[in-house]
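Which chain is which? They are A, B, C, D, E and F, in the order written, and residues in each are numbered from 1.
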Amino acid sequence: MISMELGFVTAILPELSLREILQFASAEGFKCVEVMCWPVGKAERRYAGVTHLDVTAFGPGEANSVHELTAKYNVAISSLGYYPNPLCADPAERDKYAEHIGKVIKASSNLGIGRMTTFVGRDHLKSIEENWSLFQSVWKPLVELAEEHNVRIGIENCPMLFSNDEWPGGKNLAVSPEIWHRMFDTIPSKHFGLNFDPSHLVWQQIDYVRALQDFRDRIVHVHAKDDKTVADLLYRRGVLGLGWHIPKLPGFGDVNWGQFFSALTDIEYRGPVCVEVEDRAFEYSIEGRKQALRQSYQYLRQFVC
Amino acid sequence: MISMELGFVTAILPELSLREILQFASAEGFKCVEVMCWPVGKAERRYAGVTHLDVTAFGPGEANSVHELTAKYNVAISSLGYYPNPLCADPAERDKYAEHIGKVIKASSNLGIGRMTTFVGRDHLKSIEENWSLFQSVWKPLVELAEEHNVRIGIENCPMLFSNDEWPGGKNLAVSPEIWHRMFDTIPSKHFGLNFDPSHLVWQQIDYVRALQDFRDRIVHVHAKDDKTVADLLYRRGVLGLGWHIPKLPGFGDVNWGQFFSALTDIEYRGPVCVEVEDRAFEYSIEGRKQALRQSYQYLRQFVC
Amino acid sequence: MISMELGFVTAILPELSLREILQFASAEGFKCVEVMCWPVGKAERRYAGVTHLDVTAFGPGEANSVHELTAKYNVAISSLGYYPNPLCADPAERDKYAEHIGKVIKASSNLGIGRMTTFVGRDHLKSIEENWSLFQSVWKPLVELAEEHNVRIGIENCPMLFSNDEWPGGKNLAVSPEIWHRMFDTIPSKHFGLNFDPSHLVWQQIDYVRALQDFRDRIVHVHAKDDKTVADLLYRRGVLGLGWHIPKLPGFGDVNWGQFFSALTDIEYRGPVCVEVEDRAFEYSIEGRKQALRQSYQYLRQFVC
Amino acid sequence: MISMELGFVTAILPELSLREILQFASAEGFKCVEVMCWPVGKAERRYAGVTHLDVTAFGPGEANSVHELTAKYNVAISSLGYYPNPLCADPAERDKYAEHIGKVIKASSNLGIGRMTTFVGRDHLKSIEENWSLFQSVWKPLVELAEEHNVRIGIENCPMLFSNDEWPGGKNLAVSPEIWHRMFDTIPSKHFGLNFDPSHLVWQQIDYVRALQDFRDRIVHVHAKDDKTVADLLYRRGVLGLGWHIPKLPGFGDVNWGQFFSALTDIEYRGPVCVEVEDRAFEYSIEGRKQALRQSYQYLRQFVC
Amino acid sequence: MISMELGFVTAILPELSLREILQFASAEGFKCVEVMCWPVGKAERRYAGVTHLDVTAFGPGEANSVHELTAKYNVAISSLGYYPNPLCADPAERDKYAEHIGKVIKASSNLGIGRMTTFVGRDHLKSIEENWSLFQSVWKPLVELAEEHNVRIGIENCPMLFSNDEWPGGKNLAVSPEIWHRMFDTIPSKHFGLNFDPSHLVWQQIDYVRALQDFRDRIVHVHAKDDKTVADLLYRRGVLGLGWHIPKLPGFGDVNWGQFFSALTDIEYRGPVCVEVEDRAFEYSIEGRKQALRQSYQYLRQFVC
Amino acid sequence: MISMELGFVTAILPELSLREILQFASAEGFKCVEVMCWPVGKAERRYAGVTHLDVTAFGPGEANSVHELTAKYNVAISSLGYYPNPLCADPAERDKYAEHIGKVIKASSNLGIGRMTTFVGRDHLKSIEENWSLFQSVWKPLVELAEEHNVRIGIENCPMLFSNDEWPGGKNLAVSPEIWHRMFDTIPSKHFGLNFDPSHLVWQQIDYVRALQDFRDRIVHVHAKDDKTVADLLYRRGVLGLGWHIPKLPGFGDVNWGQFFSALTDIEYRGPVCVEVEDRAFEYSIEGRKQALRQSYQYLRQFVC
C-alpha cells in the first residue's frame, strides 16, 4: 500500500449483504471495509451482533467467493472485526468469545487479510489490577494463535463505558497509553497492537498525536470516528460522570483531523482508515446511515485520497 | 428530505433568468435555490430588487412553467425570498411591502414550496420597545395568511446595520435570541420561524450552536454566509462602531462550519442550506460571482453532500 | 459580616492546640479558622483524625473557654469540621459517624457558630443510584437535627477518589451540580448546603463560576484550595485514571482566583473562606506547613482583605 | 512624580467630607484622590452630583484650606472631576455645564493641580457626524481656557451607554481611538487629553495596550476600573444589546492588569491611577464601599506601589 | 485570470519530462505548474538542480514546442523557477548564478509567462547589514533586465536556514517584512516582488495575513506549503535552535489555510498558487510524491477551485 | 532554608556601597542579595562592571567585615556574581576571566556562601560545535576548583544575544535544555548547575516548567526577571530577528509566575530567588531603580513570602 486507504466499518449497515456493501463502497469511492464477523445470532448491544461474514465454517470455497467479490468491486477487506468482552466475569462466555476470536483469526489468515480487530475486554466490576492475570491467561494463547497464522490483532482503544451497566470500569481495559504499555510489556509480540480510534482519546484528554508517535509500531488498523463534548452536560456531571460526550461523524466533533492525519503520515502509517458511524443524528434510516458514510468520505478525502 | 440540501440565494446573479440559474445550479451540483421575488423595479440597496420570479400575477400557468424548469434541471426551489423593511416609518411603504409579502406567500403555496423568507423590518430610528406594537399589527395578519396557505415564514436574523443611514437600530428587529423569544411569545404560530444565518451571529458574539439548540423548532431555512472581523478596524472603532467586520464566503471567515453543521445534524434539521454571496472580493464580474458559488460549494460539501 | 473573611482549616496543624492555632492565626492576619472535631483517636487517612476541639463532652464550661480564646486572639471559628464517610458499607461504623456528626452540630450550636462542615459519604463500591436510599435515611434526621439547633451543614464537594482503595465511586457522593440538585430535591431544608471548594471542580471540568451562581443559596462555607493537572500524567492515564492532578496552594494551580472571588462577590457571599493546605511540597515539617498558610494568605489577600 | 500613584475617585463616598476622605485615603495607603466638584444640588444619575469641593466661590482662602488638608494627611489631589453632558440637546443646560467646567478648571489652576477630568458629552440621539460641529463650538473655548490656566483636561473614554434612556449614542462621544484621533485633529492642544479607563475598552474589544501606545502623549489621568462580560447575557443580546457586561473592582473582571500596568511603564506614564468603584456587589453600605477601596488597593499594589 | 489557479512546483518530480509533468498535472486537475529551470548538472542540495526546461539555448523553436505542450494539456506555466544563492561569497559563482537568472528571465519573456521565481541569496556568514551593498550591486541590474523584458521577479521568502552549514544567516536575505521593506526601498521597481510562501512565516511567528495586506502590490507568485512545529524539539532547542519545525503538505501543518486564502481574496490576488512538496513522509517513491500532489490538491480545492 | 527567599541582584544599584545595599534590602523586606564582584574597572556593557565586593584581595578580615554587615541588616548573600565571557576569542582575555572567576569562587567559599553565578560564555562567531572543546578546557578546571572549595557554580541561561555585535551566536552557550544536557554530560559534577532565569526561556518558547522538572537537581540559584514580546516587532522581524522582546519587571511580561513558583515548590527548591532589574522603564534614576525593586517585591511576595 503506498498510502492510507479510506474505508468503513460494516456494522452500520446490518441490512445489507457483503456483496451489497462492497457494491455501495465501490460506488461511493471507498477502497476498503472492515467486515463484521459476529457469530450468527442476536446482538447484545447497539452496533454489535452483525455478521457480514460467517467464519464458523470457513474453508477455501468461502474464501474464493469473498475474493471474487472484492475483486469484482475492487474494494479490499481491511480487517475482520468482532468486538465481544473476552474478559467478562462468566468463564463459559469468555471461552465462547475466545473460541470465536480464534475462528476470525483463521478466516483472516485464509483470506490473506492479515488483520483481526477486537477488544481485550474487562470484568467491568473489577479494577485494572484485578483484571490483569485474567488478561494474561486469555490473551497469551490468542496472540500466539495470531502469530502462527501471521495475523496482527488490533485492539480498539474504546473504554466501553457509556451507560450505567458498564460502570465503573467499562468493558475493555485498553483505554490509555499507560495500559497499552502494560499490555505490550506483558505480551510483547509484534502481532499484538492497536485499532487506533482518536474519538475515545479526545474526551479522555489523551493527546492522540503523541500517542501515535509513542505507539507507531503498534498501529494495526485505524478507525475514523469523532466525538464531541456537550458543554452543558459536562458542567452538570463533570468528567467523573457519564454521557457528557457523544459520538459524531468525522469533522463534526473535537478531533483535529488535520493534525491526526499529519501524525499518521509522520509515522509512515500506510494502512486502512475506516469510518465508524455511531452518530445518532444519522441513524433514522438506512438512507441516513448511507448518507453518513458519504458525508464522512467527503470530509476525510481532504486528508486521505 | 433525508438530509440537508445545498443551494444558493439567487440575488447574486441578477443578470440571469430563472432558467439560466437553474441550469447553472444543476451544472455545479447544487440541489436547490432560494429564488428572489422582489417586485419588478429598481433596487433600493445592494443585493435587493432582484426578480427571478414575478409573483404579482402568478397563477396555475406560471406554476406549471416553474415546475417544468425545476424538473428539467432537477433543482428544487428552497424558498421564495423578498427582503424589504415591513416596519419602515412610512405607512404607505409598509402597506406596499406587506401586500407583496402576501403575494410571495401565495406563490410559495401555489408552487408547493411551503417556505417564504424575509425580514421583520424595523423603524431604525426607534428603540425595540417602540417598534413592538407596530411589529404586532403588521405581522399577526401576515402569519395568519401564511398559516392559511401552509407556508412557513423564515425571518432572517440580519441586523441590517452596516452603514450610517441604517444607524442606530438597523432595519430588522430579529437579531438576537432575546428578541426571537419575544417575537415567538407575541406570535406563537409554528408557521413563524427563522431563516438562520450564522454570519450575523458570529460578530455579535452570539453562540450560534447554542442558538440552534434553543430554537430548533423554529429553523425554517438556513443561509450559509461567513463574516470576518478585521482586527485593525475593531481596534479603531470597537463594537459600538460600524464596518469592522465584512461578509465573506463560507470558510473565509470566523464561523466554525464543522460545529455549525454538527449542531444542525444534532437538531435533526433536514432542509435547505443556501449559500448567500456578499463577499466583495468576488463581485468584480458575473464570472467572479459564479466562481464564488463554485468555491462555496467546494468548501461546504465537506459538511453536507 | 460585611465581607468575606480569610481563615484556614486546622487539620494541617495537628501538633498545635486550639490556643496555639488561634495565636498563630492572629499573628498571621487570619480572621477565622475551621476547627477540626474528630473523635479523639487514630487518623484513618491523611488529613483526618485531628481533634482541636473535643465535642464528646461539651457543655457551657467548654463553650466559655472557647469563647475566651477566640476573644483573646480576635479570631473567629468559621465552622466545626468533621469529615468521615457516613454512608460507608458497615452499618455500625455509619451509626458511629452519624452520632458524632450530631455532637458536632450541637457543639456548633452551643458555641453560636451556626455551621458544621463534612461529607455526605458514599458506599464507594456502589453506584450513585444504589446509594440514594441510604443517603436519604442517614441524612434526613441529621438535617432535621441541624434545623433544630439552627446550624447549617456545609457538605464539601470532594470526590474522595484519589487512590485505588477509594475506586471506583469515591467516598463522597456530593461531587457535581447534577448530584447537588438531587440532594437538595431530596432534602430541601435551607440548613443543608455546600462547603464549596473549587479545587475539586477544576479538574472535573465543572465551571465553578456558573456553579456559584446556580447554588448561590446553598453556599454555607468556602474552602480555598487549588489543584493542578500534570500534563504528562493526564496523557498517560486520561480522565478515567487516577492521580493525574495534585492539590496545590491557592495561586499554584489551575483555579482562576480572580474569577472565583468575583463570582463570590456577585452572589453576595459574605462568609468564611478557609485555606485548606494539602500541597505535599509544604508538608516536610510544621514550619513548612505554617509557611504554606502564610504564603496562601499573601496570595489570597489580593482578592479578600 | 517618580512613578505612578494609587488613588481613588471620591464619588463613591458622598457621605464623607473632603477631610474625612483624605483621612480615610491616608489610613488605607492611597497617595491621591480625584475630587468630585459637581455644583451643589441633586444628582441626575448614579455616581453623579457629588460635591467634595465647591468651586463656585473658590478663592485664595479656600485654596489654603485645601492645601492644609492635603498636607496634613499627605494625600494629593490628582484632579478635579466633574462629569456632565456638555453636548446635550438643551442649549441652556449645555451653557450651564460649560460654565461650571470653566470654574473647575480655574479651581484646579488655583490649587496647582493642573488636571481637570470630565466627559466631552454627546447629543445621544444624533450620530457622531451630527455632533461634531457642536463638539467644536463647545470645546474649543474650554480648551483655550485650560491652556490659559495651564490645566490639562482629561476626557474619560466612557460610552455612557448603559440604559435605554442613553440609547442609541450614549452621552459621551470619546469612546474609541478613531474618535480620539478626530478629537485631537480638531483640537490639537496638548492641554486636551484622556482620562484613560480600560474598563470601557475591554468590552468594546479595543486593545487598551495598543491604545496606550498610540495615545501616550494624551494620557492626562488614569482610572482603574474593571468590567466583566456575563456570558449568558451576551448570548441573549449580542454586542448590539445593552447590559451584558458589568463594572467590577480591579482584578474581578476581564482587564489584564499586568499587561495594562506594563504598558503604562513602557510609555513612561508617571501620574495618578485612581480606583473608580462602580461594583454593585460592594454598594450595600458605606462600609461595603470602603471595603471595595481597600480591596482594590490590595489588588493593585502588586502592580503599583 | 478571473481567480486563483492551483498548480505545483515541478522540482518534486525530477524523473519526469516536462511533457509527462503536464500530462500528470492535467489528469489530476491542476491548472498550472512552476517549471524548474536549473542549468543542466548536479544538484547542490535537496530539491535543487532540476531542469524541466533548459533555458541555456532557448529560441522561438523551443518556445513553440512548449506552447504546443501547454495547449495540448491545457496546463499553464505559472513561472520559471531557479533558486540558487546569488549573493554567495564566491564572486565567480555569483556571476554564474546571475547570468543564468538572466537567461531564465529571457525565456520567461519569450514564453509570455511574465514571471521568474528565485531567491535573493545571502552570504550566510555575514550580517544583513554587511550583505546589503552586495544585494544592491547584484540585483539592480537583474531587476532592470526583468523590467526590459516585462517579467516580474518573485523572491521566495525562505530563510534557507535548516542545517548547520547554512548557519547562522541562511542563504536568502528575504525573510521578513522589515527586510522586504528595505529591499523594495532599495529597488522600488514594480517588477521586483515576492513568491509568497506562508510556511516560512508561520514558524518565524510572522502574521502572514497581515503580511499579505502590507505587501499586496508585491505578490508575484504564491507557494502553498505547510510547516509544523514539533513541540518536543522546540522545548529542547528553543527558537534559536535548528530543526524544530518540519515542512508538511498543506493541511498537515500550522498554517490556517482558510484565513490565508481569505486574505488572498481580500487583496484581489488572481494568480497562481503552486503546491511545493517537501514533506519527507511522502518522498519514499515517485508514487508517494505524486500522491502528495493529489492529496494537496484535494485539500486545497476547498479554498480554490 | 525552609523555603525560598526573595532577594535581588545588586548590579542595578552601582552607586551604592554594599552596606547601603544591605540597608535598602532590609528596609524593603528582601532576605538576600546576589552581590556583584566584577574586577574594579570600567564596565564593558550595560549591567556589567559593578563591584560591590572586591574579591581580588579577600582574606579573613574582609570576610569578617562582610559577615558583620549581613548580620547587622539580617540580609544574606545568596551568591557572588560575575558575568564575563570566559570563552571569548582572545586567549588573554579568557585567562583573565577564568582567573577572576577562581577568585570569586574562593571568596564565596571564605564567606560560607557556597554559590557563584556566571556565564559559560561563547565565541559568538562560532557554532556550538566549534565552541565545545574550548568549553571543556576552560570549565573543567574551574568546576574542579569549585568542588575543592565546595561552591556550586550556577550558570545563567541567558543567550546574551540582544544586539548586532553579539550576533549570531550570543556570548553564552548555555541557552537550552539540549545544551544543558550536553554541558552536564561533559562535566557531570554536582557543583556545576544553573542560575535559572525564566525570562530567557519564555521568548525562546522553551517550557520553563518542564525545564525545572528536568533539571531539578541542577538549580543552584534563581533569577526573577520577566520578558515580553512586542507583537508589532515580532511581525516585522520574526524569531530570526533581534530586539522583538524586552526585559520587564516580574508581572509585567509573559512569564506565568504562578506556574513558575508552583513548579519550584514541586521540585522542592528551597533557595534564593533574586529579582534582576533590566526594565528600561525604571532606569531613569536611582529612585526609579529602587522603585523597580520595591514593585517587584510587592508583586512576587504573593508567591514567595
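By definition in this document, a residue touches a chain if its C-beta (ideal position, glycine included) is under 8 Å from a C-beta of that chain, and two chains touch if they have at least 3 such contacts.
The shown structure was predicted, so the numbers you read here are calculated from the model rather than taken from an experiment.
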Same or different residue numbers at the chain A/chain E copy interface, by half rule: different
More contacts between chains, C-F or A-C: A-C
Repeat of interface B-E, chosen from A-E, A-C or B-D - more than half of residue-number contact pairs shared: A-E
Chain D and chain F, separation of their C-alpha mean positions in angstrom: 43
Whole-Å gap separating chain C and chain E, where each centre is the average of the chain's CA atoms: 64
Where chain B touches two or more other chains at once, by residue number: 302
Chain pairs that touch, as defined at the top of this document: A-B, A-C, A-E, B-D, B-E, C-D, C-F, D-F, E-F
Residues on chain C engaged by chain D in the complex (per definition of touch): 2-3, 258-259, 261-262, 265-266, 268, 301-305
Contact set on chain C toward chain F in their complex: 228, 248-249, 251-253, 279, 281-282, 284-285, 287-288, 291, 294-295, 298-299, 302
In the complex, chain C residues that touch chain A: 127, 129, 159, 161, 164, 167-170, 175-178, 201, 203-207, 210-211, 234-241
